[in-house]
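Once you've had a glance at the structure underneath, I'll fire off some questions.
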Amino acid sequence: MNSNAGTFLYPEFISMAHLSEPSFVERIRASFARQNAMHLIRATLPVVEEGRTEIHLPHWEGVEQQHGFVHGGVVGMIADSAAGYAAMTRVPAEASVLTVEFKMNLMAPADGEQLIARGAVVRSGRTLIVTRAEVFAVKGGKESLCALMQQTIMVMHGKGEK
Amino acid sequence: MNSNAGTFLYPEFISMAHLSEPSFVERIRASFARQNAMHLIRATLPVVEEGRTEIHLPHWEGVEQQHGFVHGGVVGMIADSAAGYAAMTRVPAEASVLTVEFKMNLMAPADGEQLIARGAVVRSGRTLIVTRAEVFAVKGGKESLCALMQQTIMVMHGKGEK
Amino acid sequence: MNSNAGTFLYPEFISMAHLSEPSFVERIRASFARQNAMHLIRATLPVVEEGRTEIHLPHWEGVEQQHGFVHGGVVGMIADSAAGYAAMTRVPAEASVLTVEFKMNLMAPADGEQLIARGAVVRSGRTLIVTRAEVFAVKGGKESLCALMQQTIMVMHGKGEK
Amino acid sequence: MNSNAGTFLYPEFISMAHLSEPSFVERIRASFARQNAMHLIRATLPVVEEGRTEIHLPHWEGVEQQHGFVHGGVVGMIADSAAGYAAMTRVPAEASVLTVEFKMNLMAPADGEQLIARGAVVRSGRTLIVTRAEVFAVKGGKESLCALMQQTIMVMHGKGEK
């Protein structure tokens, strides 16, 4: 879950890890840690890379709709956040991002043991960033696409997250 | 939670209430009761009328994003559900509805003691229903519009919710 | 095309007209006049008011799709422009507007002698303006709603249209 | 414009061409030929393949907006049509398709000698098909992405285009 997990064993490696790791990773992990709503639904953020992230969500009772699938709104939550954090990898430390709008097609029931939302930047400008996300349901180890999202993100310069 | 709560005192009124209450109200309340995700975020459905519903959400720690406002994805959840249930007031008992897609603009921080999502049907066809939702933040008794959604719902004939 | 057409007869009234008419009306009419694509489809802009505009389109052969209705893309053109000009009524003269994105539901065939697109501002901020548009088909004098649009507009400060 | 142009010289090849060419190509070309609005803007449909199409648009005066770029609504027209015809490659001859809704981000001015809209099917169900389109501006032989669209198409079974 945490890519720095092994660093406790190799203290001399910690600083190198921090030198080589892009500064956005730490900022984004800290931001995600402050999102209570992500913890409420038990989402995690195992992947943060230049221009893309992944949010994982286990299928559990609390996030279900009336048919026992994951609620479409919860699918929207992880898609919105995955794409928003993908955008955040492209902004300077002294800036933050916010979702202007998103549009999502729910194409199949979110039916599986786990959902994976993959967010990616399509085009980044100084003020606006356009992103996409795909959400996959993982069932018996097999991924199937269940939702597609297109999103607009605004960059708030000079307003970094504290 | 149940607007018929007082009818236990007036048994002769119960049947009249049920006669006069549209059948969709009971079906929609039963469906909402089965949506674990709505309970997880503590949403309620106090208004169900022909072509429109309201979902209310108290502002509490669990639904916050990193700045202490309600998470945009949670705003999307209640907007999606409010509009979806508005659509469900227009379909026969032996049919169910599902969200094909929705598009939402987040126009202001969801900042207040409570959020109110108002969903309404714009146009209902046999197979597709177009809806809208507005989400208001209530602060000190004053409502301000914080999100606007446009949604497409599909009617599944012959597949009523059990 | 120009609602001030009669003012040539009453020169003493011209200046009053210009004093009372909001300055955005002239800027918007000049901008519309430079949009070749609007003339290509024979669209006109008969209404420009604070926060709202109307674009009219006669039904003629050139804008039809394969079933003889007005092409959905043409419906999108007039909805996008009507809402964009509604946004332009809210920005200073030294600024221009551009469409960031729009989402449109086509709810019924655009079947009639004329289409009317009504654009309106939902919320205007300094940088972004959220708008809506409804498109009506007029048949035998009766309007019916055929499309619904939700749009995000960006304000370009310091870049007025020349 | 027509990839069969040479077949007049080789009549013995015509039938082979028709045997090997998927039947949807002919239907789609016939449908496009009936779209007056596509001819009005001078769009062509040079590519029709299983699950994807391309519409090309020369930059000419008639499709410009006030800054001399191609009008955003015209960009929407070719994106909508390219994706809609991509969907039509997946439906039987006795069915037709119509656009339920589309959402488009305009990410850069449509600035170039030509625009290319590439439509593709993301997921096709019996009743609904989800598609995407990307629009590129070609300038000095170099393509740059200027718009991104996500669309929902409905299949009308038993209602083929005549």
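The first chain written gets the first letter, and so on, giving A, B, C and D; residue counts start at 1 in each chain.
Keep this in mind: a contact is a pair of C-beta atoms (placed from the backbone, for glycine too) under 8 Å apart; a residue touches a chain by one contact, two chains touch by 3 or more.
What you are looking at is a predicted structure, and each value in this text was computed from that prediction instead of being measured.
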Discussion item. Among the chains here, which has the CA centroid at the largest distance from chain D's centroid?
Written reply: B
Practice prompt. Consider the two chain pairs A-D and A-C; indicate the one with the greater count of contacting C-beta pairs.
Written response: A-D
Response to the item:
Per the C-alpha means, the centres of chain A and chain C lie apart by a whole-Å value of 38
Worksheet item: Distance from the CA centroid of chain A to that of chain B, rounded to the nearest Å?
Response: 27
Discussion item. Nearest whole angstrom, what separates the Cα centre of chain A from the Cα centre of chain D?
Written reply: 33
Worksheet item: Using the touch rule from the top of the page, what residues of chain A touch 2 or more other chains?
Response: 100-101, 103, 105, 152
Worksheet, complete the sentence: Interface with chain D, chain A side, in the complex: residues 103, 105, 107-108, 122-123, 125, 130, 132, 145, 148, 150, 152
Fill in: Partner chain C, residues of chain A touching it in the complex
100-101, 103, 127-128, 152, 154
Worksheet item: Within the complex, which stretch of chain B touches chain A?
Response: 31-32, 34-38, 40-41, 61-67, 70-74, 76-78, 80-81, 98-106, 161
